[in-house]
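Okay, so chain A shows up in both of these, paired with chain B first and chain C after.
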Partner chain A sequence: MIYRETGTFITSYIEDRKLFPIPFDKWAMALFMLFMVFVIPFIASDYWLAAHLIPILAYGTAALGLNLLTGMTGQLSLGTAGFMCFGAFFTFNIMLRSPEWMNLPLALMLAGTVTGVIGIIFGLPSIRIKGFYLLVSTLAAQYFALWFFRSYPYFLNYATATVTLPDHHFDLFGIGETFDVDMASFEAKYLLSLGIVTALALFAKNLMRSATGRNFMAVRDMDIAASVIGIPVIRTKMLAFFVSCFYCGVGGALFCYAYLQVLGIRTFEMNRSFEILFMVIIGGLGSIAGSFYGTILVYEFPILFSWAGDYIFKGAFDTAVVDNVAKIMYGILIIALLIREPGGLAALWATAKQKLRTWPFPH
Partner chain B sequence: MKTKIWITGIAMATAMAVTAPPVMAEGEVYIPMPVYRVGPYATGGTGYFGGIIDYYTLMNMTEGGVGGMKIIWNECETNYNDQKGVECYHRQKEFQGKPALFFDPLSVGISTSLVAQGRKDKIAIIAVNHGRTEGQRGDVFPYYFMPGINTYDEHSIITAYIGQLEGGMENLAGKKITLLFHGSTYGREAVEFTHMLCEKHNCSSEAIEVPHPGNEQTSQWLKIRRSKPDYVVLRGWGVMNPVAMQTGVRMGFPISNLIGNIWSNDDGDVKPAGSSANGYQAITTHPTGRVASVIDEIVEKLYDQGMGDLEDKSRIGSNYWNLGVMAGVIHLEAVRVAQARFGPDVNSAQVRWGFENLNLDTARLTELGANGLVPEIKTNCMDHVGGHQAKFMRWVYAETKWEVASDWIDGDVELSQAIIDAKAENAVANEGITPRDCNDPAQRDDFEV
Partner chain C sequence: MAAGNPILQIDNITLAFGGVTALNGISFDVAEGEICAVIGPNGAGKSSMLNVISGVYVPQTGRVVFREQDCTRKRPRQIAQLGMARTFQNIALFQGMTVLENILTGRCMKIRSTWIEQGLNIGRARREEVENRRAVEEVIEFLHLQGIRKTPVGKLPYGLQKRVELARALVAEPIMLLQDEPMTGMNLEEKKDMSCFALEINREFGTTIVLIEHDMSVVMDISDHVVVLDYGAKIGDGTPDEIKNNRDVIDAYLGVTH
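Now for the complex of A and B:
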């Protein structure tokens, strides 16, 4: 009923390959994007922007990056936070040490590219090793990043441990001064993140539908078979590392610039890598949208719980109790979800969509 | 992408429905409480925030709050995690339609993350006895306060105490001091200054990092055993402290030469270390035990009536809890100072002015019943720290209590001022801050900077 295909006739190959072949889907998505761009910044409070939407967008980018590598190409990685760290530090340094004309979106792309190149270096072992062995070797990236930025205080502009990111880094072509808008406000940061994330997600979606994406998946499914049919396995793996690390780097930079507003090494410790891996697994390996579903669940769940403790029980329970119960519930939820639907939230949504198609007359 | 519509939509609708503020009674002030009751740093969190909550509760009972306004607060669990702390800050900025008066997260990481944001929101960020040290310069960081001592004071006082132990500062020459620090924003804050201090006193220094959370330190202590320092300064936090004492003693390092810093001095840090901790010395700004009438009053009116925030009554009078009470006294004194100028219903910018004009001298502290607990603190526009002095205490294992080991020792303000100024100027250059002029009375007395 809702995702109805009746009446949609595809008459050419181009139409068949459209991103949203179902009109309802297309309109819903367009409305959603319009809502996100034109309504949210005006109705959402600072709290919603600063503590929910922006971190979800930043985390989502990193999760998407990991998903491209792990979900699409089958290369396990635990270096995500390390790559985020590279992205964040390079963005800061590019902004700090470039002439006036440099702006944040450009710096993000440049930093992402450098991170991608570093990703290729740390991806080299993937030529020879697979699975858990690769997982362990990518850990090196994690530790290297932290060690590197700790050892060379130049990259932190000689600050002790953290740098406050200055507001003027957010100005874009002097828009802020000309039109007297606060470019460092949460609305502006949100729109910047949203723009970058939308562009990157769209790019990832299209990449997956291209020959390159099919190469990624062939390597994931069986790399020997892929090389037999003439897919350049090494190049594909390296490309996957590059693209993935580009995304992680941009995600890390957004995390610092748009969300925390502070750059520090501790932000990118080991835990963050695991957190993002959970997001990808829960969201659905190999699904672009799934990366964001997983992010939302992993990020929002503990907050939702503590919020419930606050507002529903009016602080009747100790925050320690609430926090520990949240952890227990979170564990149970993940186990239940993965037993019920190993494909994660994305697969759950696909099933729901199938049901919606025939609803309310499933027969 | 599509489910995002529903999830975000539902989440926002519910949130907006529920957060619609019920109208709050007149005559209340709201103070957020970003606690951490779980995780490796829970000893610090429960003690400190327990002390604050107990003091606020007492004030609500005996004086009807602060300046006739009832104090209300709500808790948000940060886990001592910077990112969660930032979320808590944004959530707690407003509660039931009442804006927060200030924000005290007891975490260098969280408080430094909020320096710029606090200024934008005109909410003072408080970091008692710690923090981003250049925040002392109130002209550059008007919304950041570290009442008590700052990190540089702390480490210069520790060096001075080591000098006393050696029988004079000149005897420090040729000695070797190792800083064993927690791998966090907080831990790193002291590294550079430790080297500077040793340069001044001709001793050699070394800094060794213990990664968070610090429950395994064998490799660090092996390194210490190889380099044979005369003193190890422990800049620990939470579970790292007892582990350092135990590992150190096991490796044959004399515990009397292990000097704890301001966050390695709780009863909860030394008790788990057992007999290893006997003779351990640590710096403190406030004595432990029931040292002031306000603490007796809290015990009598709260804990004896079955109230009070600590679950374990034996922690009454412990270092972190006492620090919490001390913080509570400082907090509410700032509110009172602001109320004296602006009337009872103060806002956060006015309370900021209150924090900048604290004058807790002995007379005032006696009036508050806090003499003997809170050190003298006098802040001004250029000095957001105000105390700059500390004492030392020694743990007596047999009696399970701390004994006072020294008189008040002053920090090396001269040495620290230079580096604080340099860092503040760096912040002015790189963070787009326009400092105010503290010599101009108009700018100095303007509460809304």
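Now for the complex of A and C:
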């Protein structure tokens, strides 16, 4: 009975535009964020941070980036991992080749910006082509990124396959030395990722409820009508590519810096692009929160299934067999979900909220 | 409303798709502040005419002059910036958005803040959202759309969708409004509403209106000026009374014995 609008009277347009119109939502979100910042780092083990929370944050950023492009603006892309690759390599090179004052958050923003500009270049075909044809042309970004960094070992600092990312890259303004805390610990990496992801998600949310977001969606829904009412269609598409690739680039950099701790080309193979596309589709195209729901599902379910398989059969079968059966189960689950709710997890969540709002009276 | 100087001049427009000539040497003027109806049998080229005016199609020959500026090769966005807005024959709303969001897109040309300001939700961006919302609310009130603000447009019945589309065009504060069959497929009640809206828009805001319509009683009632097209050629141009008595127009509509 707490969860409703009753008693909340909207008296200005500003109030009507709030992120959390229902007070319960606002408090729940605040509590959730406090929990994530002040409780999780103390109770979560290194395993949970390193193998679950950090990768979800990194994947989530890239998924959000793809969702801005595909879900919001309707431009299909399979170049995600390529853009992540650019972001990761540029961050590493900026950190490696800059003077002392450079720090990781700034390097991430710079690398994201460069990736965004590259995104605009690979987004140019979208001026003339749509849908599956665009999907194929974005593959160019994927293959170009891998080819480029393979051909110019300079960007990997002439290492053979991978570079271990040095701990001192994580130090922020000498905080580590001054206060004697380990800035390269998983807790610190987790908090850094969480801060960046929260800021980016908030930015995306603001963007989507303002004129730019409406332009994105207008271009997605009907570009001829958009141009007739005065929306600069080409500019809007290019901006979508820029913002999307910025997010993907930052996501890729977090993926290497916070999660894998090493930088290598193999991380960003084609599979990664597909994985992120699945996250976006399952989470819900066009939903910011959905990008994260999808990430959690796609990332955690295979782990959960394989763990459950091991637990139930306790070695009665070969682990490889159990693993494959788990994958099949997971595939069936996703098919069932998408048939039941093509809008993905975000749509399921919205329906649930609507039910909760009208409960106990169904109408 | 009294007709003023020509605000729109169509001069010898020819438009062909491959071998099909959709418009053949069409010329007419639309005076400032009038309601001009473009009529004609199916396939006469009425919608093509509107698409040429709003910049969706580029004609092979001829000129479109709007507010003393040659618009023939301008992009739809540039023409919109000159103060032209339009609605479509097949509703062209953004299906994934709510009524409010759809109408807000109509204010896109009034936005001065950059996307970075909007993403950070600071200063100018916040103010503009409120200003635009206020303008949108005025149009919502004018067209009686209050009850469906937050409804996704896809869920609305046809008549209301047409009205939302009109709202989206109107909120841009156009000097000239093009309406492509605003009343097709509506019942009598809805047609009456739409005609009233057209007249009110014309009288209150002084907006010049060019509309395509099939219902002759509506056309004859509300328009100051009627242009008749048939097979891509202009066969009549004048006041409703002149058109009623025009031999060619009667032949085109009722057929002629050969």
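Structural remarks
Definition applied: the second predicted complex is superposed on the first by the 351 of 363 C-alpha atoms of A that agree within 3 Å, B and C clash if a C-alpha of one lies under 4 Å from a C-alpha of the other, contacts with A are read in each partner's own complex, and residues count from 1 in each chain.
Just so we're on the same page, contacts are C-beta pairs under 8 Å (C-beta built on N, C-alpha and C of every residue); 3 or more make two chains touch, one makes a residue touch a chain.
Keep in mind that this is a model prediction, so the values were computed, not measured.
Legend: residue contacts after superposition of the two complexes on their common chain; A:M217 is shown touching chain C, with no touch to chain B. Once chain A of one complex is fitted onto chain A of the other, the partner contacts of A:S227 are limited to chain C, with no touch recorded for chain B.
Legend: residue contacts after superposition of the two complexes on their common chain; A:R340 is shown touching neither chain B nor chain C.
When both complexes are overlaid on chain A, the residue A:R128 reaches neither chain B nor chain C. In the superposed model, B is the one of chain B and chain C that contacts more residues of chain A. Within the superposed three-chain model, A:N157 lies in touch with chain B and out of touch with chain C [touch as defined at top].
Only residues 25, 28-29, 31-32, 35, 44, 46-48, 50-52, 55, 96, 157-168, 201, 259-262, 264, 266-267, 269, 288-289, 292-293, 296, 300, 303, 306-307, 310-311, 315, 318-320, 322-324, 345, 349, 353 of chain A touch chain B when the two sit together in their complex.
Per the touch definition, chain C reaches chain A in the complex via residues 54-56, 75-77, 80-81, 85-86, 88, 92-97, 101, 104-109, 111, 113, 115, 118-121, 125-126, 128-130, 132-134, 137, 168-169, 172.
Chain B contributes residues 1-5, 7-8, 11-12, 15, 18-19, 35, 37-38, 42, 46, 74-77, 79, 82-83, 86-87, 90-91, 93, 108-109, 112-113, 115-117, 132, 183-185, 188-189, 191-192, 212, 426-427, 430-432 to its touches with chain A in the complex. Across the complex, chain A meets chain C through its residues 12-14, 16-17, 203-204, 206-207, 210-215, 217-218, 220-222, 224-233, 239, 243, 286.
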